[in-house]
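All remarks here apply to the structure that follows.
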Amino acid sequence: MNAEEAIAEAARTYSNWGRWGPDDVRGTLNFLDEAKRVEGARLVRRGVSFSLSQRFDMDGPQRGWRRRTNPVHTMLDTGVDAALGNQGFPHGIGGADDVIAMPLQCSTQWDGLGHIFDHGMAWNGRRAQDVVTSEGDLVTGIETIAGVVAGRGVLLDVAAVLGGDSGGELPDGFAVTEEHLLATAEAHGVRVGRGDIVCVRTGRLARARREGWGEYAGGPSPGLSFWTAGWLHRTEIAAIATDTWGFEVRPNEFENAFQPLHQVVIPNMGLLVGEMWDLEALAADCAADGVHEFQLVAAPLPITGAVGSPVNPVALK
Amino acid sequence: MNAEEAIAEAARTYSNWGRWGPDDVRGTLNFLDEAKRVEGARLVRRGVSFSLSQRFDMDGPQRGWRRRTNPVHTMLDTGVDAALGNQGFPHGIGGADDVIAMPLQCSTQWDGLGHIFDHGMAWNGRRAQDVVTSEGDLVTGIETIAGVVAGRGVLLDVAAVLGGDSGGELPDGFAVTEEHLLATAEAHGVRVGRGDIVCVRTGRLARARREGWGEYAGGPSPGLSFWTAGWLHRTEIAAIATDTWGFEVRPNEFENAFQPLHQVVIPNMGLLVGEMWDLEALAADCAADGVHEFQLVAAPLPITGAVGSPVNPVALK
Amino acid sequence: MNAEEAIAEAARTYSNWGRWGPDDVRGTLNFLDEAKRVEGARLVRRGVSFSLSQRFDMDGPQRGWRRRTNPVHTMLDTGVDAALGNQGFPHGIGGADDVIAMPLQCSTQWDGLGHIFDHGMAWNGRRAQDVVTSEGDLVTGIETIAGVVAGRGVLLDVAAVLGGDSGGELPDGFAVTEEHLLATAEAHGVRVGRGDIVCVRTGRLARARREGWGEYAGGPSPGLSFWTAGWLHRTEIAAIATDTWGFEVRPNEFENAFQPLHQVVIPNMGLLVGEMWDLEALAADCAADGVHEFQLVAAPLPITGAVGSPVNPVALK
Amino acid sequence: MNAEEAIAEAARTYSNWGRWGPDDVRGTLNFLDEAKRVEGARLVRRGVSFSLSQRFDMDGPQRGWRRRTNPVHTMLDTGVDAALGNQGFPHGIGGADDVIAMPLQCSTQWDGLGHIFDHGMAWNGRRAQDVVTSEGDLVTGIETIAGVVAGRGVLLDVAAVLGGDSGGELPDGFAVTEEHLLATAEAHGVRVGRGDIVCVRTGRLARARREGWGEYAGGPSPGLSFWTAGWLHRTEIAAIATDTWGFEVRPNEFENAFQPLHQVVIPNMGLLVGEMWDLEALAADCAADGVHEFQLVAAPLPITGAVGSPVNPVALK
């Protein structure tokens, strides 16, 4: 089966168009309900917390691919100015302000539902040109999910379970299959269910930290196999996130293909996808205490009309 | 007592310098411990969640004061391009990417500990020029608290309790005193304790939404009285946030003064301050169910060296 | 005649499509030839020079219309840092660097030929979607005219000649007609010819400087009448520039119309249009010495794919 | 002699502090007078023109050194949107707008007089901290020279004259001495005099175009010898520009030194320095017709308070 046919069949089979009505803007986040939020909160037993975000700065992985740059952070006022007393404020107060410019896809992020299209169609069967114009995403902008991404998180540390001699790092081109996911969950003694946010660790970020960024942002990578689409659909998870730039395996499993799993799961399934998450500290803790479930709060910055957002996901155990 | 003297006395009396050792970068967030995080999580009973963030877009309140602008969000690729098929991708996949440029103080935010100085000194007794240079905050950058701001939140809806005929909106220049805070807590039947994150609603944002932004960002406002410094210190709260641009009352309570409470609480007390939070929906819910405590997760975007960060705080009940 | 019909007729009558071959990207700049450049240079007699650019800073006229903001200029390093010696350089050298973010249409500018379309068509009969995508202007980007905009400039100070009691400032809504242009040229004793760059002063900028920006950028304004299209075509000028935001009169001369003259002259005639030029000092000098012609060098910043560019035009007499 | 001593001696010997009064903000541009502007204009004989600017885009040479990035150009509106008719304009008009974010030192540029300091002192004996704060250059901002940089240009194609077998490209580390400059001028049959703008071609840009950018922006390079400071002072030129990132030779001629010639000529001599100019087409033309002098108009973008500016210099012959 070629890419076109496989994508078309998966798109048709795993489509959630219309499942939550014609006006839906949340996709699989609809699975994350109030009961799930209570369930997530109950997983906080020790009171420890982990940021799952990489740092946002100019030392990040971007090299210009798709015009993505690293964040540029500049100061409007500094402590140096304050120390010299040239800021014009009374009674010894001094201040510092700052500014940032960055692509919303440059580091730890959520892909919004307007980030990917399938043959000109966006989530829920809308025409791409009616959804995302030069003014931004007029329908499914990331601000529409500002308050809802809080629930039960599950870590599937595939690299630790299957990485073998690699020291917990899967190689580029390693396609994580449904079998791998199931084996990992079983090894962890954790279940994955409806409304969960699943975090898959491949070890790709750990490797980049050892070896340098290289092509971390846009190049070869371990990641989910195209053929996990069925599992992603059947489990009714709310969201998935990985420690790689593009969540699915690269090179892709078809010739001359580009991110076919994105094409199935974002516009057709309505799945929220997280990328470039830093799962290292959380994974170490889960390995230590044997508990791979936690409360996860990962609220995007509600930038009106954005097709994605930087995010600082917090895991609480 | 004039401003200089009052600030100096309060700074001395309520200083936490050295309290958590010479290397501390967290200030009062040290009060937010693991037990508090567990306590916060246990407040999630119904599974409802609220984003306490304003939207980030060009229709925001900034007018150029201190060179603060509203966010500028632009697209690198759109659904319109995807629909016309000129993106160069195979098998019908299309994509949209975007970019943002914004001051970190433009909307819902945390002030980092490097945001304000007192006579050239920063948090914990460091020299301002050694902390915040043109390269950013080298010591107390907002990334240092990436994972810790999750715990118990308390809403003090001062406007609802004391606003009288104003319909839940305090007027500009209204100084919220310790007595007001205590009366509000009593009316709500909620206690404020060590390690809590206190959210004070003045109704200023509600007014701006009715009347237009006007001088919402930088002008007259209700807010905390300078004389609440003792209460802020004594209660050992971890953080405080309001629905106003500058958290304290404007005009300030001294002649020719500028944000004297900032000068006391940020560099001297080490208090985390949140500004421009949107407490409207949460306040309505608290009024309805009579419960003014909740889990609050308010993780800043970990921008290396930033003296503040946009944030999407999430309250869970 | 309604706007649609008038525009269609003018577009047809004054079209230059194909005049310089199917691959042309310069439009009427083709009229600016080497002889004209020599002629321009010979006008430099006294050696005086004038910048015709407004300043680029946050105190500019933009208020967010069409998401246009004023430039944001921030420092990467400062003299304050250098003075404190914390920059890490040897032997006492210190440095300052800076950054800018701005819309290319925010202040003194050239409109590129990809800035305006007529019924989906761009200059020389190309389809708009084939010319300007989210990647920028792939055909007529402003970089294509990086070296050519130098020649003979002519100032037509319509405000001085026709402004009457207004003190050299035309009122908003004043449509400058062909008759006004001819009368002004005659009063100045200057001729306008093929390949010239014509600068029309309306006094709108002078008024904004007296009264405050108000709606200078996007609001009512004096400017060229729609019916000058024939004169603009017949004279075979290379370019035209005004001291207003939009070069043509606002409100436009048709009901519910928006910049109909742009629609005729940019995509159909291929005319280079300059906006928000500062003609004040030059006009004063021309009035003083009675010479309204000069060398004009107005090289856009060659930003690849830009549909316009900030410019600092220099007039030499 | 070590770097400290050599710099101190050169700074003292070649200082122009006070030469044009205590309020001066133009430095050696004072040598570029009206007579020189007329002389420059008279050099326009054939009417040919050359842009000496590199293109401003993401494919530029910057790699993050000193937080310098390449320009990021994004669209606010496109022809694709216009073609689909979703812009909301009447009568078939469509438009495209765009935005840029860039360091002012990223490509072809002028260094302003506030760009470099010597032991905390700026041009004309001012304290660096009084000149360039986080608000920008309050005294010698690039806008102060908006209208004056137009005069006689001279090309010294050192690479063509001395490059030998290298094909007109000097190697990295090649220090261009006074003798080299004099020999080149003699070979060209051109004189350099007071008020001229001298363009020195090393072939470094040509090499980068052949080999890829590599370390073009910040790395090893041919360039002016530290010991040309006397010649730069004695000739009383108005400005100098090269086709390299930093105008002087790298590595520098002292151990552990960093741009010592900058330290002498910018804050002490008050010399305007241009960097990353594209002299290729002009050099070819000069080689062909044997004329190495021309009119040069190189007006910086008048960004208020900027310590430098992108520029599109135009040479006219």
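First chain written, first letter: the chains are A, B, C and D, and each begins at residue 1.
Note that in this section a residue touches a chain if its C-beta (ideal position, glycine included) is under 8 Å from a C-beta of that chain, and two chains touch if they have at least 3 such contacts.
Just so it is clear, the model here is predicted, and its values are computed rather than measured.
Rounded to a multiple of 5, the Cα-based rotation taking chain A onto chain B is 180 degrees. At the interface between chain B and chain D, two copies of one sequence, more than half of the residue numbers in use are shared by both copies.
Distance from the chain C centre to the chain D centre is 26 Å, each centre being the mean of its Cα atoms. Centroids built from CA atoms put chain C at 45 Å from chain A. The multi-chain contact residues of chain D, meaning those touching 2 or more other chains, are 67, 72, 74-78, 80-81, 83-84, 86, 99, 101, 129-130, 133-134.
Residues 58, 64, 67, 69-70, 72, 74-78, 81, 84, 86, 101, 129-130, 133-134 of chain D touch chain A in their complex.
Interface residues of chain C, counted against chain D in their complex, comprise 3-4, 7, 33-38, 40-42, 44-51, 53-57, 59, 66-68, 71, 73-80, 82-85, 89-105, 114-120, 122, 127-137, 143, 146-148, 150, 254, 256-260, 262-263, 295, 297, 299-308, 310-314, 316.
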